[in-house]
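Can you keep this structure in mind? I'll have questions shortly.
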Amino acid sequence: MKMRTNGRAKDQLRKVIIHPNYIKHAAGSVLIEIGDTRVICAANVENKVPPFLANSGKGWVTAEYSMLPSATNPRGVREATRGRIGGRTHEIQRLIGRSLRSVVDMEKLGEKTISVDCDVIQADGGTRTASITGAFLALAFSINSLKKSGAVDGKARLIKDHLAATSVGLINGEAWLDLDYSEDSKAEVDLNVVMTGSGKFVEIQGTAEKEPFSLEDMRDFLDIAAKGIRDLIEIQKEFLRNDI
Amino acid sequence: MKMRTNGRAKDQLRKVIIHPNYIKHAAGSVLIEIGDTRVICAANVENKVPPFLANSGKGWVTAEYSMLPSATNPRGVREATRGRIGGRTHEIQRLIGRSLRSVVDMEKLGEKTISVDCDVIQADGGTRTASITGAFLALAFSINSLKKSGAVDGKARLIKDHLAATSVGLINGEAWLDLDYSEDSKAEVDLNVVMTGSGKFVEIQGTAEKEPFSLEDMRDFLDIAAKGIRDLIEIQKEFLRNDI
Amino acid sequence: MKMRTNGRAKDQLRKVIIHPNYIKHAAGSVLIEIGDTRVICAANVENKVPPFLANSGKGWVTAEYSMLPSATNPRGVREATRGRIGGRTHEIQRLIGRSLRSVVDMEKLGEKTISVDCDVIQADGGTRTASITGAFLALAFSINSLKKSGAVDGKARLIKDHLAATSVGLINGEAWLDLDYSEDSKAEVDLNVVMTGSGKFVEIQGTAEKEPFSLEDMRDFLDIAAKGIRDLIEIQKEFLRNDI
Amino acid sequence: MKMRTNGRAKDQLRKVIIHPNYIKHAAGSVLIEIGDTRVICAANVENKVPPFLANSGKGWVTAEYSMLPSATNPRGVREATRGRIGGRTHEIQRLIGRSLRSVVDMEKLGEKTISVDCDVIQADGGTRTASITGAFLALAFSINSLKKSGAVDGKARLIKDHLAATSVGLINGEAWLDLDYSEDSKAEVDLNVVMTGSGKFVEIQGTAEKEPFSLEDMRDFLDIAAKGIRDLIEIQKEFLRNDI
Amino acid sequence: MKMRTNGRAKDQLRKVIIHPNYIKHAAGSVLIEIGDTRVICAANVENKVPPFLANSGKGWVTAEYSMLPSATNPRGVREATRGRIGGRTHEIQRLIGRSLRSVVDMEKLGEKTISVDCDVIQADGGTRTASITGAFLALAFSINSLKKSGAVDGKARLIKDHLAATSVGLINGEAWLDLDYSEDSKAEVDLNVVMTGSGKFVEIQGTAEKEPFSLEDMRDFLDIAAKGIRDLIEIQKEFLRNDI
Amino acid sequence: MKMRTNGRAKDQLRKVIIHPNYIKHAAGSVLIEIGDTRVICAANVENKVPPFLANSGKGWVTAEYSMLPSATNPRGVREATRGRIGGRTHEIQRLIGRSLRSVVDMEKLGEKTISVDCDVIQADGGTRTASITGAFLALAFSINSLKKSGAVDGKARLIKDHLAATSVGLINGEAWLDLDYSEDSKAEVDLNVVMTGSGKFVEIQGTAEKEPFSLEDMRDFLDIAAKGIRDLIEIQKEFLRNDI
């Protein structure tokens, strides 16, 4: 067995730090740090819904994702400068939005839209899964704000389950949890998993650009991912103790 | 057990029709019909590679995906009119490109780029998986052209394995193969799988916007998907008998 | 006299094949083949009109035109990728729209918009004139659908006359009908003509980038074009026998 | 016979005023006024050619066309604000460029590009034909500058013939020359003609959005247009006496 | 002391020529020439306001600024071709709009928007200040039109004060008024000042890209600028004698 | 005299906190907090220069500015989503770039480009001046990195002077330093000043949208601004003690 950066065990997360209520203007927000990956997640609420939900009585949750140019090395080019949002960004923000929607009770939310912005301040692998894990907290905080302000019923269970995401990679034939950038660039297979507190799958995206993988590999990946998700949800619960 | 449209068995593909060499200007092409879904897949070759591969001796395979406006009901808006490629399109064309790259030996291809265009003429569910299945054929035909013209070694094994894709959906608690549009719009879970001829995974994308799914569901999905992929590869082989 | 490709007479059309009702989602559609040029023309109807016709009681007909990247050799770049519709595309789709509008009785159509998409699947010269000839059929089929569904009066004469288009080129001092790509690239003058079943002009566009032409040339062009249009309208009539 | 605005005869141009060398930075320029239509035409020269002409020894001529927002009533929206050049603009600037190229000897010009900007300051009908007529003068002046500076051979005949453009419209069954805006908006047919000093056609664009027209109409249009072109070229010659 | 181009004194404006009512479709317009800098300023009025002023009873004044490509040497690229408005253009048109708004009584104007287009026909330094000086006249003329038509109270004082703008530059340690292009490119400091008829500041923008400047320099700049503004307002008054 | 928010004196800055080296991938960076305004400033270096400096031996400094959507209340729309950078953004990033360039010795820097990204994480007034003050630190840190790595001469004085920026507003006739958002929205005049450590002006931008201001006001503004700049530079010096 190869040694991981910082001597981590193969099923061990990087250090996770949560700074709750990081942005004063947002209804709910966190700065989440997972290793050297840092993402500001901020949820805002509007009293309107997209056209396809008009007069349905149901709400909507959407997400946007972006990286600051200096978050990466070498420096990235701003998408506003390019004049268009790139394919990778689209893919990630659609993933974040779908994942969040899977645990929100849209009827109890009512005709509101919660938009969660995930802005990567510093990138070191796993930005999309850190975004989902942080976005869930920002979303939960924003729903608490709605409850406190009386905009939704304070006793309703708007969030149906916890939600977190992590990645697993195949490196030298071994499944490793929560890859940092230097590990990720060597991985043969990269699997992102979004799961709920009750251990069910919300999204699973596995990619084998280097080498196709077997059903046995797949089972390993899912076990390790499930372990990482449980650890992340434990950390989330410290900030949401009685809240959902 | 619910009946499927057209009385299909739950692990049965829709009717598949392949029209090889459909476009005269392309190096390789097919019109693939899977049920009422019809996609023109056309592969073209250029003697250059993206900047990150310059002087590497390696080739590249990329893909573009689009739908004609009249392919859907209601009619879609052209992305050229919108002035930007949408998130869904980006996601799909990145998926097609990654999938194709997983079975091509880039060193044997040499410094060439094969671009595969997947243009959906008529959509009835499963356009991305039909695109991958058809794109693999167009790619294989284009490599045969390269061999015939002497541009690559006629005996080299540029394609490492067969490749096809299909979808599985969870409908009323049951896993169904290769959903058409009317089935897809009722599915609780939607899983797209890209596999090789040797039964290994290249891509797996599962989404549960309606209801998270369990590990048991997952195993069912993978079994049925694998059966569908085997059937598709049998059909491909009629057109590629001695070719890869 | 020089020989034409395939031994055609100078006033002879290429082979024309019409596949009616090619797209199931459209109100009316054809795949039209003129020699190796193939265009899918699909008409869709919306119950609204552009702002300048609001509450006028009149309808509108518009067209869009595009080429698949693999329709040409070398492969073209998608306009959606460029982020803008090119000048040539604008020019052609405006021409198609104006031509179709000249034969529709907008008051009898009422406040509806018929949009005709012309998507070139394979290009071998004359794509704009093939588009007009095919678009007229798609339009006529869509109007028949409207009549069948009762959305317009089944006996009203919404289409005032037949419509087709063709090109004439001056090659080595001789006027040739319906140029294919190899002929077109040698032409000194290129004239596109849109005419009605009663032999009147709807559009005429002549361009002499290589050498200005005389009034005598012009008369020749118009005679030959008129002959080609009559032949095209004969073919259209097989598909529209009692319909307009 | 109906009376025209200002009592013009049916084959009479509006008043034409030429202000030569209107822009000091351009190699050649005019402000052309045709009635109340005013266009600044300015030609600039670069010592390079588009990629398809590299190392061909040949030059290129291109044109751009735009309207100031306040040139029309109601005020137009800037295309820069819309972020894209509209279809009409594309169509017109392609027409101007093709027309100018038809009278320039590209081999004698050598590997240079002359760009002619046509900016409409005030619009009252006929802006595209006024642009061509003015652009020809700006082009001719810029070639004189090239000759004076020794950049091309002072005795070479770079311009093969004079060039001007005008419009003819069918109003109440009568062909009228050089329509102003109020006339143009009533015309049943609108024909733009670009001709050379020797009476040959360079471009002809006839459009019958209201009512298809006959071959007899066509002949009338061409006669009247030819008369208008001759008058315009007489005016141009006052500014180019010994120059081409 | 260095000599200026054309022997101007250091606090002397270039020659100023005003052509009032230059554009027939605009509610008010001028062609302003300041030396070789020429700008068409045209004001148009709409009976609506931006959303943030809806139902406020107040009006709005806005401005757009652009340069024709041939206004500069070398020729500029059209912003419509680039598909976006550049930073410098944005900065200037925001400056013009703010300046004009400072002297208009928005309540007396009522819910109307006056848009002033400043289109630079020929540039030779000072285009933004010439635009403001000319735009003020176009605005004043358009308000006179509103008064004549009865759209606003003919006796109301909608314009609170005169307005003009000029630049001062530091060249070889000396402050010079109204720099032309050749002077501007040598200036160490460039200060643009917008002032009212009563000698108050509306905008002041000083930039020292080459060398930071002292408080003493600043005082000099302001004295000379104030002198230039007084001269410009004298010229404006010839065209607005009894009007504001 | 009115009381300010938090009881500040009229010439007192908000609390300033500097987090040096905030972003690990950048050559130099800070998170600067001025009151509730927080900006990440990150400098990156490339070994190339814009075309106009090629082979000049000189370097270049440029800046980009952006706000996260959740930095403001209500949430802003991403410029990447709009597909274009807004006028205000352009204006600010041009200001930051010009200001930084005024204190860098470009010949000593050599043919390198330093790009400074200023990303506003939370906005509460004065984001552009906080950006300049923080960007100067990030720039200075990046130059120290260049010295340490030997990429530039370790003893050369690349930074010619300190640089900071602040704002002054006129509120109820009184000049106040460093306005927060609630104060800014009431200000009659808004003046931004960029100054060096030796007390010279680099940029001065004063705007009186509500009411023009007198020369006396101007003198007051400049005194108070100079005091604020001195205080900011004292704070900067704690982080740059022996460094420039």
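In this document, chain identifiers A, B, C, D, E and F correspond to the written order of the chains, with residue numbering beginning at 1 in each.
In the analysis below, contacts are C-beta pairs under 8 Å (C-beta built on N, C-alpha and C of every residue); 3 or more make two chains touch, one makes a residue touch a chain.
Just so it is clear, the model here is predicted, and its values are computed rather than measured.
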| item | value |
| --- | --- |
| Where chain A and chain C overlap in contact partners, by chain label | B |
| Rounded Å distance, chain B centre to chain E centre (Cα mean) | 60 |
| Whole-Å gap separating chain B and chain D, where each centre is the average of the chain's CA atoms | 51 |
| Shared interface positions of chain E, touching two or more other chains | 83-85 |
| Direction chain D, origin chain C - full chain order round the ring | C, D, E, F, A, B |
| Of all residues in chain A, those that touch chain B in their complex | 84-88, 90-91, 93-94, 98, 101-102, 161, 195-196, 198-215, 217-218, 222 |
| Parts of chain A lying in touch with chain F, wherever the complex brings them together | 23-26, 29, 36, 40, 42, 44, 64, 66, 68-75, 78-85, 89, 115, 117, 119, 121-123 |
